[in-house]
């Protein structure tokens, strides 16, 4: 499905990604974990064409999208739920969700999906007409995830979806991710909550200062001493 | 140690149009304590911070800090008809401070969404927070007649950076720091104002368990080193339970529980509204 | 003041007010999306007049075809300006874009001076609009009545567009966050171009309605109306379409009546004072979005 | 580079600069355009730096510069026009009794000009500074237009001479006067920016909410920045009046504000040295280097195409846009000129190729 | 040093001025060719260019000097004017022609004075141009005269009430309006409305409604040509029947339209005035000059009508030429200051009448030409001469 080879990214003089290669096979959940500043978000941004890649190749569905524009990448079926929520503050919750389905044409199904999002996050339904800018941090996070769900992509990339959510909701989030995956959407997940992320993942990668240092199935990594020590805080 | 009250929030209600974000909150904090404020998303935790720090003036209620009323309000004007809370007639004073006044009185905070001075260096970020105690006027400062004071501000800043392990990043631009360091810097900046009370809004958000553990120790350390009291919002339960002396739980703007961590952890109301059951 | 005089003041105020409103919408639309005060808007308006002269006077094309030519070329001009002068600056600091806008404004004025000389040119007479009608002792041309009608019509259409269509929603989304909008698959460049198309279309129509009763075109002809409309847009709250319209009318009427009261010397002073006073009480204009940043 | 060697470099650079100005005075003819450009450039440099203090360092987007300059210019003119010239100047409306016998030395006039502008800034600052970004910009722009219209209005005929404007305004004592004054003023602004207050201004620019949470009194500091900026704008206005010798209200149109904003942006928003460099460059380009474009030129019997009146301004506007498009952050960005910067610039150049990655 | 800028005191010390070397004498043309007055300014430039074509050289004591024009655009902008003037000085001009619009002339006056270069204004009618400036001359009459002339014309025509519309911040407009009001009052008339508008204003409906309700016999509108073309149709649209009066700036073919029929304005010159042979010859030659190149026609508002300002441009050039001719060319005599001294003594028959300068440097003139637009003008694009007007004492 998605295949990244030898990806390099610079921010000015900072070498943020140093030859990343990873793969998201069909119908799978892939997790990406790593310390702060390891370059996880940068990897996702680079895939979306939001930061310039200095070297490397990205292919999606056998098509080369290395130098495609963001809007075309979205068009081809990859959607990113970005770090820092990025909801549209002047639009209502309902409008934000509608925009999530911007590229979709199937009106009926969109309506159903919206209903589904409201079921997942009842809080959003309560505040349907509130401007997104005035929501609390966690409510915005729910909205951002909901908006990403609305786009029904082939590949959904989530950048720390559980950030700022209450424990109860965090648990939900992971079951939601499962559900989405079961509905046929591939997932590339970044999480700080390494335990949950590894439990859910079919395959996972560990990043450190711009490179991938470890990879394996979720179970393998959960069992790894290195991961245990560095990320699970055990 | 005898308990000496530092902060008291009495009957604070905050209403945005029809939304009651904070409903009759009563909260107390004693000197030297670390208090946790938890609750579901949108429960009104950040709003409580905003009311305490003067970002919002409460619709009704009163805040006392160190024995002094620092903010007080009652429903009037447009709010009078709309007001949906309780204790409407209890307060009659209107004390509306600006956030800088509150900071000067000794309450400093960090933000849920990091708000650093992005284009300035780490050093400058902290140095700016020293400005509030400046004694010399603008002329003296411009014509460098306050060299001693300036020198002292810089030295104190350096010292703070050293204590907080940010010394190596001194000349880095704030926005280029990794997320975790930015959180540290925000705390450093708040400490530079020499507060008695520090408010932390989700300090561990975006950190992995390992990092959040480190942060826990860090917060405990600064409490002792700087003789602080701390009020913190956090969704990482390990962090909250591990560090807080007492915890307040909010839901829909209302206080649903209060107590020491072990009590809270087993409080059915809290479990239902917030924690959920462990599988 | 006699009733007739009062009536004619009202007509004068309405005529200028509705023009201000029409052009102010263009300002507001572009501002709403790019957060850019498009200083060149008044000059695009002026260029539209030259296009009309070019078609109708220099090439003797009938007015209805000329009108189409004029509108199309104005819209093209606007889109080209956007592509050349604003698009490369998408991620630049806001002030750079503004300077680019001032640069475009300079360029258009200077170019017009260079190409058409500083001497005024006569705006062609459009028979339909120029028909004079008498109303209770006051004679006025048809355009005075057509203008407010057209203005209101456009406003309603635009509001519907922005509120209820996907394009409108996309426009509002783009205005706050380019990157997030892109992530939704919105083609921000087409959305922005579309905004300029609408803005320039309104400027073109406005130009025709404006210059018909004031048929003299010179390179600086757009600068003062440009400024006034800009103020009108601020008055109503930049970004708000009904605001722009209300602002346009308020300025048009207040100006007219201040002059009527015999203080023509201070009419602009009054307008500005009014503006500042209104902003004192409503810091984001009459209809401005009052989004206090959530902390 | 060590601190000491930097100081030495700076002193040498300043001496070279001063030497250049002196040699222009000594060795070029009285009528050389270079003199004009230097003098005018220095006035614009001060106007731009004072605007930068507000727009670039405090993040308050003000468009009132021309208004404050007008106040400075008029204050200076009103108080310094020689008593025996007054009948000529006020030939139509006569001069107000209050002013008929007032003639202050020019340095007093200059300071008064600054104070007057500052005073007005203090008065309007309180209400206007509550406005946010563009609304503040428009309010200040409106203020500047109000000033411009009022100084030309009939109630002030016997003070400002209404639409007729003031002339026979005393000029510079010597060729060096404007340079010395501008230098002093800019140094003061630079010192202010380096001080704790300057840092507080920058904090406000970066994030108002965070700045306030750090105990910075927004209202007070914005007011301070506004007043100080206006003070120097007033002085630059007075210098302009001295240079022009005659002012009317139309000397200070909105266009003047735009021009100064242009200098600020081209120089780099938030860079003092940038403003100074760009003030001289833009003045020289507009008033001097490009002037030939206005003239029809015949080279070897052929009319050079395009060259005729008005072409200069066309080219000037194109150059402006090109600069903005390709130097988005202006010549200096937000940085100041620094010897380290120069040093890095050259060392990087010389190591080109090898060390791009890492 | 740069010297003090106040021209008045300079006479005592006396600036050195420009010394002519070689066999080329440069004459600056200081005119607005862009901006608000760009149109009229250009017509003055045309007059000067034509004069230069007619008198390309001057003989001074046996030596032939080439006269070369240096044109500069002052953009109708007072701050740009000073640097524009500086750029002329830096090119070493020995004398200057211009400018259209008094404001720019006043602004640049001290620059010329401190450089010791004489300037001869063409149509800058404001008294302040020459007042207190020993280096400024002018070929036209002054606003006090023109204002009085129009007031006299109005009272002669039997008008009792007048409205005045002038431009805020514009010295030409305000000054002329002021003089008109003063003498109209002295002559027994009443000002019933006194309105002002802002630069670049284009909507006059409110002002005109006001004027209409005051119901004056005549409306005096001293304004730029741009304003004229805007306000006339609006006057017609408002159904105002009062006589429209204006100043010299309106003599520009650009205003001719059906709405302008009947207006009356004063000007410096009439191209059909047979009584002046110099004028007749000039008109013929200048029309040929205009027609010789379509560009010239375009710059003259697309007609070959001779504008008074062109004639003044020509006369200004001639006065400098005459002054140069009168120099005796001895060593050290060929300076701009000497040209100034010679200018104070010139006396010749110009296109716009006899020209010699009084102690202020103003041409001594006592006659204005009143012209109008009639039906015929609409096709011929020429103004119709009504009468000459002198001032009633």
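Every chain is named by a letter (A, B, C, D and E) in the order it is written, and numbering of its residues begins at 1.
Quick note on the criterion: a contact is a pair of C-beta atoms (placed from the backbone, for glycine too) under 8 Å apart; a residue touches a chain by one contact, two chains touch by 3 or more.
A quick note: this is a predicted structure, and the numbers were derived from the prediction, not measured.
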If you check the contacts of subunit B and subunit E, which chains show up for both?
C, D
Identity of the chain that, by mean CA position, is farthest from subunit D
A
More C-beta contacts across B-C or across D-E?
D-E
Report the inter-chain centroid distance for subunit C and subunit E in whole angstrom, where each centroid is the mean of the CA atoms.
36
Distance between chain centroids, defined by C-alpha means - subunit A, subunit C (Å):
43
Subunit A and subunit E have mean C-alpha positions lying a whole-number Å distance apart equal to 74
Just how far, in Å, is the C-alpha centre of subunit D from the one of subunit C?
31
In subunit A, what residues contact two or more other chains?
134-135
Out of subunit B, which residues touch more than one other chain, so two or more?
46, 55, 111
Identify all positions of subunit D at which a residue touches two or more other chains, and write them in rising order.
149, 153, 209, 309-310, 313
Subunit C-facing residues of subunit A, complex
48, 50, 70-71, 74-75, 79-80, 82, 86-91, 95, 98-100, 102-103, 131, 133-135, 147, 151
Per the contact definition, I'd like the list of subunit E residues that touch subunit D in the complex.
1-8, 16, 18, 33-34, 38, 42, 71-73, 75, 77-80, 82-83, 86-87, 89-90, 92, 103, 106-107, 109-111, 115, 126-128, 131-132, 166-171, 173-175, 178, 198-199
With touch defined as at the start, can you tell me which subunit B residues reach subunit A in the complex?
16, 19, 39-47, 112-113, 176-181, 202, 205-213, 235, 237-238, 273-276
Can you check the complex and tell me which residues of subunit D touch subunit C?
55, 61, 127-128, 130-132, 134-135, 137-139, 142-143, 145-146, 149-150, 153-154, 209, 254, 258, 261-262, 265-266, 269, 308-311, 313-314, 316-318, 320-321, 324-325, 328-330
State the interface residues of subunit B toward subunit D in the complex, per the touch definition above.
53, 55, 98-101, 103-104, 108-109, 111, 115-120, 124, 127-134, 138, 141-144, 146, 150, 153, 189-190, 192-193
